[in-house]
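Dropping the structures in below, format is structure tokens.
Across the two complexes that follow, subunit A remains constant while its partner is subunit B and subsequently subunit C.
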Partner chain A sequence: MTGSFRFGTPQILFGLAVAILVIFVAVPVLLIFFNALWVNGSLNIADMVKVLSERETYKALINSLILASGVTVTGTIVGTFFAWLVTRTDLPYKGAMKVLFLVPFMLPSFIGALAWKMLLSPRSGYINRFFIETLGFPGPIFDIYTYQGIILVETMYLFPFVFIQVCGALERMDPTLEESARISGADLFTITRKITIPLVAPSILSGALLIMLYSMAHFGTVAMLGIEAGIYNIPTLIYERIHQSAGSFAAIRTGTVLSTVLVIAAALIIWLQNRVLSKGRYQIIAGKSFRPTEIRLRGLRLPLLAFCIAYIGFTIVLPTTTIFLVGGLKTYGLPIAVENMTFDNYHHILFEWDLTRDAIWNSIGLGLAAALITMFAGVIISYVIVKMKVPGKGLLEFLGMLPFSVPGSVIALGVILAWSGKYGINIYNTIWIILVAYIARYMAFALKANSAALEQVHDSLVEAARASGATMWQALRDIVIPLVRPGMVAAFFLIFLPALRELTVSVLLYGPTTRTIGVAIYTLNEDGETVYAAAMAGVALIIIVTAEVVVKRVFKIEK
Partner chain B sequence: MKIRHLLASALLLVGFQALPAQAQEKLYVYTSMKESLIGQLKTAFAAKHPEVKLDYQSAGAGKLMAKIAAERESGKILADVLWTSEVPDFYQLQEQGVLQPYVPKEIKALVNPLPDYDGTFTAVRLGTLGIAYNTRLIKTAPKTWADVQGAAFKGAYGIANPALSGTAYMSVSLLVRQFGWGYMEALRANGAKMGKGSGQVVDDTASGDLLGSLAVDYITLDKVDKGATLALVYPPEMLVIPSPITIFKGSPNAEAAKKFVDFVLSKEGQTIIAEEGTLPVRSDVQVPDRYPLPPVADAMKRAIPVDYKSMMAEKEATIKKFTDIMQK
Partner chain C sequence: MTSVRIDGLSKSFGGRKILHDLDLTVEAGESFTLLGPSGCGKTVLMRLLAGFDRPDAGTIRIGDRLVAGDGADVPPDRRGLGMVFQDYAVWPHMSVADNVAYPLKIARTAADERDRRTRRAIGQVGLAGLEARMPSQLSGGQQQRVALARALVSEPSLLLLDEPLNNLDANLREEMRFEIRELQQKLGITVIYVTHDQEIALAIADRIGVMDETGRLRQVGTPDDVFDRPIDAFVYRFLGVANFVPMRRVGATWLFPDGAAVWPGEAPGLAGEHATFGCRPFDIELARDGDGLAGVVRRASFLGAQMDYLIEAGGVTFRAATDSRRALDPAQRFEEGETCRLAFRGSQWFDTAVADIEGGAR
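== the complex of A and B ==
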């Protein structure tokens, strides 16, 4: 193959991979940097500094930092504590508890924010009203429209990042290390301090950085709870600017400058995470000789179990129930009582209202289309990266992983710059612009899943097929694709499920008939249609949970 | 196999989205009217004109104008019809020459509150704003605009963001014209807040997050109908704000647009508007008695006079000054 420039399957594959990545990923992101750094055709750093030194922009930067750090600290503490509890202690029902602690991952955090607004807004939140009206408190016990409120809500839905990582590390940890310390006479406290914590520290840190990465670029919660109190972070400020300044170039430019800062911060976090992981990995190599000793909680067993149940009740059951109940209220502000309940809201959004019905179908259609396209593109690109010996594939890998570190608002902004007519194609205001953005956003997921699957397919299989006279295409179709199918299916669901509840990207791109589920809930809440927003959120929860459950079933069968 | 099925169904789904509605005229309406009003009009319009597929974008006037500006930038305005309450916007669009004049069929039956009427845009309703307050928490009804500056409403009176809401902008502008900026400063000194949209401040009043707000008639009355503990009162100096409707020049759906304009101004359309709790522009349509709305003639007499042209010039400065006061 090498040397001869025959235009065969490998060349087509390579060309296709490059084209997909350049068109969908590289161009939008590059346009952001270009528009941030270049003014009227010349490099202008001073102007960028000027935008950043405006009061509103640097305040948003500082807010992003404050919120992300706060959520990281609290989320890490909560995640580590619960991980330790369900893996290393004799807590009753810890298997079930472990599953329950992962539920918040399913729930979109902006729906959580909506629920907490209803529970803890200072005068009208149901919890605050209970304390003021029934228990006679002089004022609200907690105001959700504050930094603390936002951090609290984000923590509830982001702590699983640390929880999963730490659980994994604690389970994989070589128990002989702890055993030898014990045999040498160390007590439990010393073992924990000198052996366990240092061993899981990289996992804690890497989970913490994931929380930080996510929280910094997070739109939903801050938009629901912060804007009212004047708390903006970078993504909400970008949204506000794009929507209010008539799409003027100044607004888009501010957006690109903020995006650049966000991308740099995200890159820094990812770099840190890679360093932490590469340092820590060799220390936790799995050696499943026997299970590590469980710490006996003794008298604390039941209180801690009660605490876990209370935590789950408080962060999962209470908000979800609130959503469904408020969604059934005749109008917002009425007490939750049978005579005030109605099914009209649910009926209206499911059967009568185009806005919400469109939103549901748009989200499902977008999720399926993005997942399918990205899945197939992911196979092609991963194949080039993992199996083919072509120059420049490192660049492909970098391009493919780029969106992973590029926050959603930035991708959306890049897509607006690239696809709204300046370069010949105008899909602004159509469903296609959201699809294009989703493909860019979720490409990294598909690459990860497919690369992992492809690495397990030994080259000798393809070589054998080729030696027996199969063409490259035949070898791919008959050997490779069937073998990587589990990876492809995994990629499909890794994309379909998050796309179903996506908000950050679509909120910047939606048009009159192209709302997504997330956008519908967000705009209804913003327009003061709280009961409809809640009803829609309830419907969304049912769709999301059903999809998760169905997907898990199907996925298992495929395996 | 499974993947192939999924592929097929997904393509079908996406395909359906992209398919044009079968042999129908299309119509995009950008409006600041809320779902309770525009949703009903859409249903009735669809029954009368099944050949037209109407889609609307309901959002605050500020957001809609931003969207239209962005669409003009990209070369294609998606909206065929614009219907908001931010009257200066219409004069501005008229000056820029992007509006298509159309004199509605039943013009003779209409009350026209707009000076220099030439058919470029026609008032569809007379929006009124009063003080909405939560009857669960406030026992004495406010009577004048100054009453919300008192201790009863301390820290809990809201006005929608005039950058987002057309009615809020018009109201702020009119109240300032009548009472001076001192009125807004006194409100702020009493802890008044700037909220988001015109719907949101009313929702917050219904929930009790706010005790009172500067509120649009039908948004408040719709919630009262549904059982909210709200009441709407009108101080003597009334805020009466026409909501004009207009067609964009070059609209590919101009015929459907004309049908819609005629429909909302017809007796049927105006009756829906009156039933929802806002003043119609036809004298042959009455507002139901259960609403506290004064008759049109009375409202016009009590209204604070409006000078649209000067409003247009002062718009940005007014919004900025108001925002500065409220965020101090």
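== the complex of A and C ==
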């Protein structure tokens, strides 16, 4: 390039994109690494190892690994089995079943954990009490405060990651591959084992890695069910340390060291997933939909249907009903019977109690603000990455990828480090620090949706505007923005909906008046206000499900 | 009306030199066509003219104004030109009228004036009545007309057209190229048209510039010039199907490759012992007898408008063509296996080897 450097619109956009990513994403993450690795002004790996070899941190690492592996294995089996059942067999009501299996994606898992605690806690859980008191069992039939309990609950909410991927692959697979095996004399079960499964293996693996990524960094379920029995994973230990010590140096250091481990693990998983995906896009999985051959279940048809209905009843209907019923109890522990029911709890949290009312408005306000800001920031950054030919774009792409691999608790901790007054701005304990963290956390969604939309806008459309006399700003305003609007709308709701039920980030950042819905449910439960926690969870479920359904109806957004 | 002057223009992308030290002047009011094979840099030249890319060296002047090079860098929106893109680039979210009115809206033209000129431009390209349609409701040809109207509406002094007819079917392409030519003459604007299709170039241009793969301008001249008086074999070959025959000189006579047949026409004034003789299919006249080159018809295909022959003569195979009127006359029609005589109404001689010509073009 010849000519002197010009300061024009491209440079402003580029600068803006870099500034947003650096301030909201890079600085918090770098501060984590810095605090983890630097002690008293010098690099100190030994000290990091020392922190990691402390009994509790070491145990948290092991627990994260055990829980994530367990959930990954069970979730993958469950997800693959149901995906096969609804795409490749003659199971009745397959279409409805497919939709129902995706419902757990809508429900926050910590609310599910709360429900299962009420059902299966060893002494007070309703199911255990039923078995002990009514059927005369000597002890609880299942203790939810265990590794198995946590894995069970997480599986219920995470298996759709595999389910979606495998359904997609099975539906797009060219049936002639199976038919030719059939002509060669193989029976359908041999074909499934020898042809189908190997061909969809990349999708299974990719879904499994998503489960692992999510479970490794998962806070809610482990916090609800594990802390009681002393089971901590990395995010819950970070929370415990930061919360108990009110930000002491030792706690922050433990947090940053654990976060570093978490980020490295997440990066590794994402790297693996990219490799699986880049290798796994065989041509056999064509773009168009085929009508695959179906296995006739024969005598198993009705038993399997009953099994699916039982599974859905057990994992979706039972916990949801429990939440609403317990939320209506006069006191926790009373039998669920009409004479013990009241609407007072719901009335109280919706109209009387500032704590819960604030929480609802905080979550809605935070969700809207984060979605709006991140959507616009996402457009600018995606535009620079996808459309502009500027030096230094590689850095931007890297920064844009960063949010994909940074778990929520790490972002929260990084935001605490960056915005607690050490660098001039102190917004700790205010609603703003949660907003800043949400922007960082959901940036990846905005970039994904907007990049996809921008790639559809051909360069010549913008150039035609420039040749028509439009400045770059005018071309952006009149051509680019209107054309990427669907991507922006998608980004908005991809952020707003999860932000409504967010817990991991806000639980580390909330102050006395800045609880979110998730935090309110979590703290009410911690404080033993179980009926209020349940009532609040019920209200949250109504808000979340209504928002999801309305959005999907109106905008037809595919996740 | 504006002239365009390009001096010493160079541009590289990723270390690959696309244009090197290019000079070109397009007169005001002229329809100028840049003709060249794909990848020859003609689109790059367009983008430099429009201001989407900056030259590495050299200058571009539009009218008297320096727009690129020598410290000047006028952005595309200030160059006052109209441009039509190969893929139309009609904005899918705007109606026909909104697409066409956009340049006027940007220029803050008064509303009534804007409406009047928009309607006129839409009428000029024959889309009157379709103002409210969205681009998705238009055919490819109609979209191309929208793009043309949009480029014309602000009455630019310079119109750049980058292979705008490529994506159209043959009939529409033919129709549109005459319409563009007509509009250009009616409005008197300067047009620079980029294409790799010699038919369009010949039909539309006052002057043609023929570019080769290395981004060099081989010849600039009127359609007659480049077609009939090509400066070299590359230009000759690029402007249409041609026969090339390696000839050998013995004394004052030129022999065909079989070493026996003698060139029947006037000998070219070439000093070397070897040369290439070129002629187009329609340059060959077929007769039953006479003193032309003796040959045998190997294949005769009736193509409707013309009769196409493959004829073996002088140790090579010629492609010859006659128009249908003659081909349908049994007396002048040749069947496969018949002998014939070839006379050459037109010919070009080059001191280049055939292999270099065949390898060097397309």
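Just so it is clear, the second predicted complex is superposed on the first by the 545 of 559 C-alpha atoms of A that agree within 3 Å, B and C clash if a C-alpha of one lies under 4 Å from a C-alpha of the other, contacts with A are read in each partner's own complex, and residues count from 1 in each chain.
Here is the rule we go by: a contact is a pair of C-beta atoms (placed from the backbone, for glycine too) under 8 Å apart; a residue touches a chain by one contact, two chains touch by 3 or more.
Since we're looking at a predicted model, the values are computed, not measured.
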Combined model on subunit A where subunit B meets subunit C, clash or fit: fit
If you stack the two complexes on chain A, which partner ends up touching A:340: first (subunit B), second (subunit C), both, or neither? first
With the two complexes superposed on chain A, say which partner A:330 touches: subunit B (first), subunit C (second), both, or neither. first
First (subunit B), second (subunit C), both or neither: which does A:458 touch? second
Quick check on the superposed pair: does A:354 touch subunit B, subunit C, both, or neither? Answer first, second, both or neither. first
When the two structures are overlaid on chain A, which partner does A:59 contact: first (subunit B), second (subunit C), both, or neither? neither
What angle, in steps of 10 degrees, lies at subunit A between subunit B and subunit C when each chain is taken as its C-alpha centre? 150
Which partner chains sit in contact with A:362 here, subunit B, subunit C, both or neither? Use first/second/both/neither. first
Using the superposition on chain A described above, determine whether A:172 touches subunit B (first), subunit C (second), both, or neither. neither
Count the residues of subunit A touched by subunit B and by subunit C, then name the partner with the higher count. B
Between subunit B and subunit C, what is the tightest CA to CA spacing in Å in the combined model? 14
Which stretch or stretches of subunit A touch subunit C in the complex? 1-3, 6, 458, 460-461, 463-471, 474, 478-479, 482-483
Hey, which residues of subunit A end up touching subunit B in the complex? 121-124, 129, 227-228, 230, 243-248, 330-334, 340, 352-355, 361-362, 364-365, 368-369, 371-372, 420-421, 426, 428-429, 431, 435, 485, 488-489, 492, 511-513, 523, 526-530, 532, 554, 558
Which bits of subunit C are touching subunit A when the two form their complex? 50-52, 54, 56-57, 71, 73, 75-78, 80-83, 85-87, 89-93, 102-103, 106-107, 147, 150-151, 154, 160
Provide the residue numbers of subunit B that touch subunit A in the complex, in ascending order. 2-3, 6-7, 9-11, 13-14, 17-18, 28, 30, 34-35, 39, 55-60, 62-63, 65-67, 69-71, 73-76, 78, 134, 156, 163-164, 195-204, 206-210, 219, 223, 226-229, 327
